[in-house]
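In this document, chain identifiers A, B, C, D and E correspond to the written order of the chains, with residue numbering beginning at 1 in each.
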Amino acid sequence: MSQAPLLSVENLAFERDDSCLFSAVDFTLDSGDVLQIEGANGSGKTTLLRLLTGSLQPSVGEISYLGQALSECRYNYLSDMLYIGHQPAVKLNLSAEENLRWMVATAAQSNDLSIKDALTQVGLAGYSDIPCYALSAGQHRRVALARLLISQARLWYLDEPFTSIDKQGVAFLQSCLQQHVAQGGAVILSTHQDLALNGLRKYKLLPHIEQGV
Amino acid sequence: MSQAPLLSVENLAFERDDSCLFSAVDFTLDSGDVLQIEGANGSGKTTLLRLLTGSLQPSVGEISYLGQALSECRYNYLSDMLYIGHQPAVKLNLSAEENLRWMVATAAQSNDLSIKDALTQVGLAGYSDIPCYALSAGQHRRVALARLLISQARLWYLDEPFTSIDKQGVAFLQSCLQQHVAQGGAVILSTHQDLALNGLRKYKLLPHIEQGV
Amino acid sequence: MSWLSKLFSKLFAKWLPNESSSWQWFYRLGSPKWFYRRSGQWLPWLSLAALLVLATGLVWGLAFAPEDAKQGNSFRIIYIHVPAAFLAQSGYFIMAIAGAIGLIWKMKISYMVMKAAAPIGAVLTFVALFTGAVWGKPTWGAYWVWDARITSMLILLFLYAGVMALQYAYHSIDAASKASAILALVGTVNIPIINKSVDWWYTLHQPATIKLTSAPSMHMDMFMPLLVMIVGFYLFYGVALILHTRNEILRRERKTSWVRELVNAKAGL
Amino acid sequence: MLSSAPRKMNSGFVAWLRRDLLLAYRRRGEVASPVVFFLMVSTLIPLGLTPEAAQLEKVAAGMIWIMALLATLLSVDGLFASDYHDGSLEQMLITPQLLPLPILGKVTAHWLTTGLPLTLVSPLLGLMLSLPIDGYLPLLCSLALGSACLSLVGAVGAALTVSLRKGGLLLSLLVMPLYMPVIIFGTATVNAAVDGLNWLPPLAILGALFAASVALCPLAAAGALRVTASN
Amino acid sequence: MLSSAPRKMNSGFVAWLRRDLLLAYRRRGEVASPVVFFLMVSTLIPLGLTPEAAQLEKVAAGMIWIMALLATLLSVDGLFASDYHDGSLEQMLITPQLLPLPILGKVTAHWLTTGLPLTLVSPLLGLMLSLPIDGYLPLLCSLALGSACLSLVGAVGAALTVSLRKGGLLLSLLVMPLYMPVIIFGTATVNAAVDGLNWLPPLAILGALFAASVALCPLAAAGALRVTASN
C-alpha cells in the first residue's frame, strides 16, 4: 500500500534576493530513518529545515508527503510534524510546566504522558514551577525538548537539538530519537556533533555553484 | 616577582534565594592555563563565570587577581578581562563589521589586527556588511568570537564558545585558545564537548550538598 | 497569501484569465521585459501629449481666464491645487489596485507599479496641501484650518507615507512588496470610512464657516482651463508612473540577461 | 503507534488566548503597562493644560480617547514581537490550524488586558477630568467597542512590522491614519451625550467598525505574518 | 606580549553614543518617523478635541508638552531592553569605564532621536494647533531643555524595570512624579510668553532641572543597572 516514502524531496533549490543558497537537494525519508543534515556554518541547514516546515517556499523543486505535494496535504502534514528550531519557543516569563501545557494545547495531537512526567524525564523535576528566565541555558532547551516526549507527530525536524545540553542529556536525547524511529517515526536533524544512532543517514549540504557566466 | 597566580579562587560559594548552588570552589589559574569548567546542566557554570567577571557577588570566598582582591584592582582586572557569554552581545540590526567596531571601541585595549582581517579569519569574509539578523546561528556566534582575535586581554572567560560552530570552526577556535595561552594568556571556558588542547585542566563543578539538618 | 489567491481563483474561475484564452496580453503584461519594451514605445507620445495639454491649460488658466471677483489673481492657484488633489486621491487607488493584482496573480510588474506609484502620489498630496495652505493665507487668514477635506487630505498623506516607509523598511524585495500591498489594501478599505467620518466630525463640531465644497459654481471661462489642467495632470501622472516603473524594473532585473544586454548596448553607443 | 491517536479538534484560539493572558498576568507592573500609563498621563493633563474644571470638561472626552489610542498603540507594538524573537511565532505559523484564529486569540487577550481595563477605569478618569455626568455611560460603551477596534487594527500593523525590529514609531505611522475614524466616532458618542443629543447613531457606527474589523483584521494580520515570517 | 599595549583612554561615552545613533539610523524608514509621529498625534488632537482655532490655541502648549512626554515614555522603555536581552548590557557592566558615561552616551542618543526632532518640528505643530506667534521661541527653548530632562529621568525608570519582571510598577511610579515639574515649567514657559509675561524665569528653572538631571540621573541609572544585572 504505502509505496510512497514518508517524505520525498526532489531537486530542491532556494534562492534569496537573487543569490542561490543551495540547489539540487534530493533525498527521501522513510519511517525508521534518522537523517542528519551536515554542512558548514551558513551552508543552509536551518533554511532547508524551514523549507520542509513550509515556513519558506522553495524556488525550485518539490517536497511531498506520502506521495502528495505539500500544498495538497497541508493540514495532514502539519499535524504530523514537529519542529524545534534554534529558538526553542520557550516563554521566559512562564514556568516550564506552563510552557509545555501551552505547546501541547496548540499541537494537533499528543500522547498520554503527563506534562509532569515529561519534565521529570528531561531532568527538570524540581524546576517545573520556576519561571524559565531563572533556568540555565541547558535547562531552557530541555523545556522545549520535553515536547518530543509528548508528541505524536511522525516527522521530527530538529535544528541543533544538542545545543547547550550536557553529555548525559545528549545520550538521553539520542535514545529518544531511537525510540521514535523504532515506533515508525522519522527524524531530520542538523547538528555538528557526531551521533551514535543505528540507521543514521547523513546528507551533506553543499553550496550552490554558479554555472555558466 | 610574580609569585601570585594570575587568578585565584578560594572557597567560593554562591547562594541565591537561600539555596546554595555550589560551595568550596577552589582553583588557581596561571598564564598558560586553559581551565574547562565541567558540570551537568544547571550545575552553575555560567553562574561561576559571572562571579568571576564581577557581575555577581559571591556569598562566601574570595577571588583575587595577581594576588589582589578584585575589589582592590577593579579597573586593572576588568581591563584585562574578556567575557563572552551565552548571549553574544551581537546587535542584530548592525552588520558584523559595525558590531565588531563597537566592541573594540568599548574595550580597554586591542591589538593591531584590523576588523576586516579578524572577520576574514573567523570565516565571515563576504558577510561583513550584512546585518547580523541575516546571518546563520553559527555565523552570528562567530561575530562575537572575532573579538578574541583583536583582544589584548589576558583572561578570557568563554561560556560555551563552541555553540553552533561547525567542526572546522571548533578546530580554529581551539588553535586560537592555544595561541592565546602560548602568549601568556589564560582561559576559563565551559563546554560540554571534549577538547583537544595541550595543558588543558578541568574543574568539575559539583552541586552543593547540604550538611547537617 | 496563497489561500487568498486560491479562494479567488475558485470563486472567479470563469472570468479569470488563463493562458490559452484571449487574456494572453494580461500575462504578457506581467513580464517586466515586455512592459519595458512596450512602455518605451508609448512614452514619447504620452510625454508629448502631457506637455501640450499642461501648457495649454497653464497658459489659458494663468493668462486668459478672467480674474476672480472676490479673490483677485490668487484664485489661479486652483489650476494646480485642484488637479493635484484629484490625482492624489486617484493615485492611492491605482497603487492599491496594483498591489492587489500583485497579491492575487503574483505578478511582479504590478508590485513595481505599486512601488512607483507611492512617492508620486505622496508628492501630489503634498502639492495639494501646500498650494492649499498658500492659498489659505489670503482667503482665510490662516495657513492651516481643520477643515474636513483638508484633514482627510493630510491623512491621505500619512497613508502614503506608511506605504513608502514599509517599502523601504524591508530588506527583501518580495516581502516589501507583499507587506506594502497588504497595507495599501487595508488603507483602501479605510479611505471611504475616513472621508465619511471626517465629514461627520466636521459637521458635528462646527457650523459651516468656510467650506471648500460650496465653492460657487464656477464661471465657464474659469472652469474650462481647470478641466484641461486635470486632463493634463492625468497624462503627466501616467508619464511619471511609467518612468518610475521602468526605473524600478531595471533595478530589480539588473541581473537578468536582457537588462545586461540593454546596458551594454547603451554603453556601446 | 504514532499518529493513530485521534486528532484534537482545536482552533488554537483558546490556547493562545490563555497563554497571552497568563503572560500578561506575569508582567503586570511594567512601566508601559497600559493602565499605569493611562493613569499617569491623566494626572499630567490638568498640569499641562489647565486645572480649571470648566475648561477640562470640554476636553475630557477627547483626552480620554486620545490616551486610550496611545495606550493601545504603545502596547500593540509588542503583540508579536516577543513571540517572533523566541520562536513561538514560527510555531504558530506551522500549526495546522487556520492562522486567523490564534491571532484572534492573541488580539482578544490584548484587548482584555488593555482595552477592557481602560474602559473600566475610564469613569475614574472622567471624574478627574470633570466629565459631565451624562457622559459616563456613553464613554464606557464607546470605549469598550472602540478599543477593540484599535486592538484589531493595531494587530495588522504589528504583524506588518514584527520582523523589522523597529520601534513602535513605524507601527504608529502605519496604523494611526486607520485609527482616525474610531477616535472621531468615539468622541462624538460622548460629546453627543454631553450636549444632550442622541448618542446611539455614532455608537452604532462604532459597532459597525468593530464588526468589520473583527472580520477583516485577523485575515490581514495572518497574511502579513506569513509574509514577514518568510523573511 | 599581551597587555603590554598602552590602554586606550576612552570613556565609553562616544562609543555607545555612536552605536545607538547607528542603530537608530539602521531602522531606516524610522529616521523620519518621530517627526511623522508627532505630526500624526497632533492631527488626532483636533479630531478628538475640537477643530476650532480659538479653542485649540488654549491647549496647544500643553498638548505639545504632553506629546513630548508620551513620545519619551513610549521610546525610553526600550532604552536598555534590547541590550539586556542580547547580552550587550552585561558587556557594558563589565567594562572598566565608569558606568554613568556609557549610560549618558545612550541617553544622548535617545534625546537626539526623539527630543531633538520633536523640538525641531514643534513650530510646525504649533502652526497646526494655532499657537500664537509669541509662543514659538519659548516653545523651542523649553522643549529642547525639557525633553532632555525627560530622557534622563526616563533612563532611570528604564534601568529600574529592565530586568525586574515583577515589581517594576512601584519603582516606575516613583519616576513619574519627577516628570511633573518638567511639564509644569515647560508649559509655564510657553504660556507666560503667550500671555505677554516674562518667560525667562520658568525657563531658568527648567535649566536647573536639566543640570540636576545630567548630574544625578546617570548615577542613579548606573546603580539601578548594577542591581538588575546581578539578578
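The definition used in the following text is that contacts are C-beta pairs under 8 Å (C-beta built on N, C-alpha and C of every residue); 3 or more make two chains touch, one makes a residue touch a chain.
Every value quoted in this text rests on a predicted model; they were computed, and no experiment measured them.
Colleague: Give the chains in contact with both chain C and chain D, ordered by label.
Modeller: A, E
Colleague: What's the farthest chain from chain C if centres are computed as the mean of the Cα atoms?
Modeller: Farthest chain from chain C, going by C-alpha centroids: B.
Colleague: Taking all residue numbers at the chain D to chain E contact, is the shared part over half or under half, that is, same or different?
Modeller: same
Colleague: From the mean C-alpha coordinate of chain C to that of chain E, what's the distance rounded to whole Å?
Modeller: Whole-Å distance between the two chain centres: 38.
Colleague: Using Cα averages as centroids, what's the distance between chain D and chain E in whole Å?
Modeller: From the centre of chain D to the centre of chain E is 25 Å.
Colleague: With chain centres taken as the means of their Cα atoms, state the distance from chain A to chain E in Å.
Modeller: Chain centres of chain A and chain E, defined by C-alpha means, are spaced 45 Å apart.
Colleague: Scan chain A for residues touching two or more other chains and write them down.
Modeller: Where chain A meets two or more other chains at a single residue, that happens at 86, 93, 131.
Colleague: Where in chain D do residues touch two or more other chains at once?
Modeller: 26-27, 85, 164-166, 170, 173, 176-177, 180, 184, 230 - these are the residues of chain D that touch more than one other chain.
Colleague: Touching two or more other chains, which residues of chain C qualify?
Modeller: 155, 158, 161, 165-166, 169, 171-172, 198, 201
Colleague: For a test of understanding, state which residues of chain C touch chain A in their complex under the given definition.
Modeller: 2, 171-173, 255
Colleague: Given the complex with chain A, which residues does chain D contribute to the contact?
Modeller: Touching chain A: residues 1-3, 5-8, 10, 12, 14-16, 18-19, 22-23, 26-27, 82, 85-88, 90-97, 102, 229-230 of chain D.
Colleague: Can you name the residues of chain D that touch chain E in the complex?
Modeller: 26-33, 36-37, 40-41, 43-45, 47-50, 55, 58-59, 61-63, 65-66, 69-70, 74, 85, 164-170, 172-173, 176-177, 179-180, 183-184, 187
Colleague: Over in the complex, which chain C residues touch chain D? Could you list them?
Modeller: The touching residues are 1, 4, 103, 155, 158-159, 161-162, 165-166, 169-172, 174-175, 178-179, 182-183, 185-187, 189-190, 193-194, 196-198, 200-201, 204.
Colleague: So in the complex, the part of chain C that touches chain E is made up of which residues?
Modeller: 142-147, 151, 154-155, 158, 161, 164-166, 168-169, 198, 201-202, 205-206
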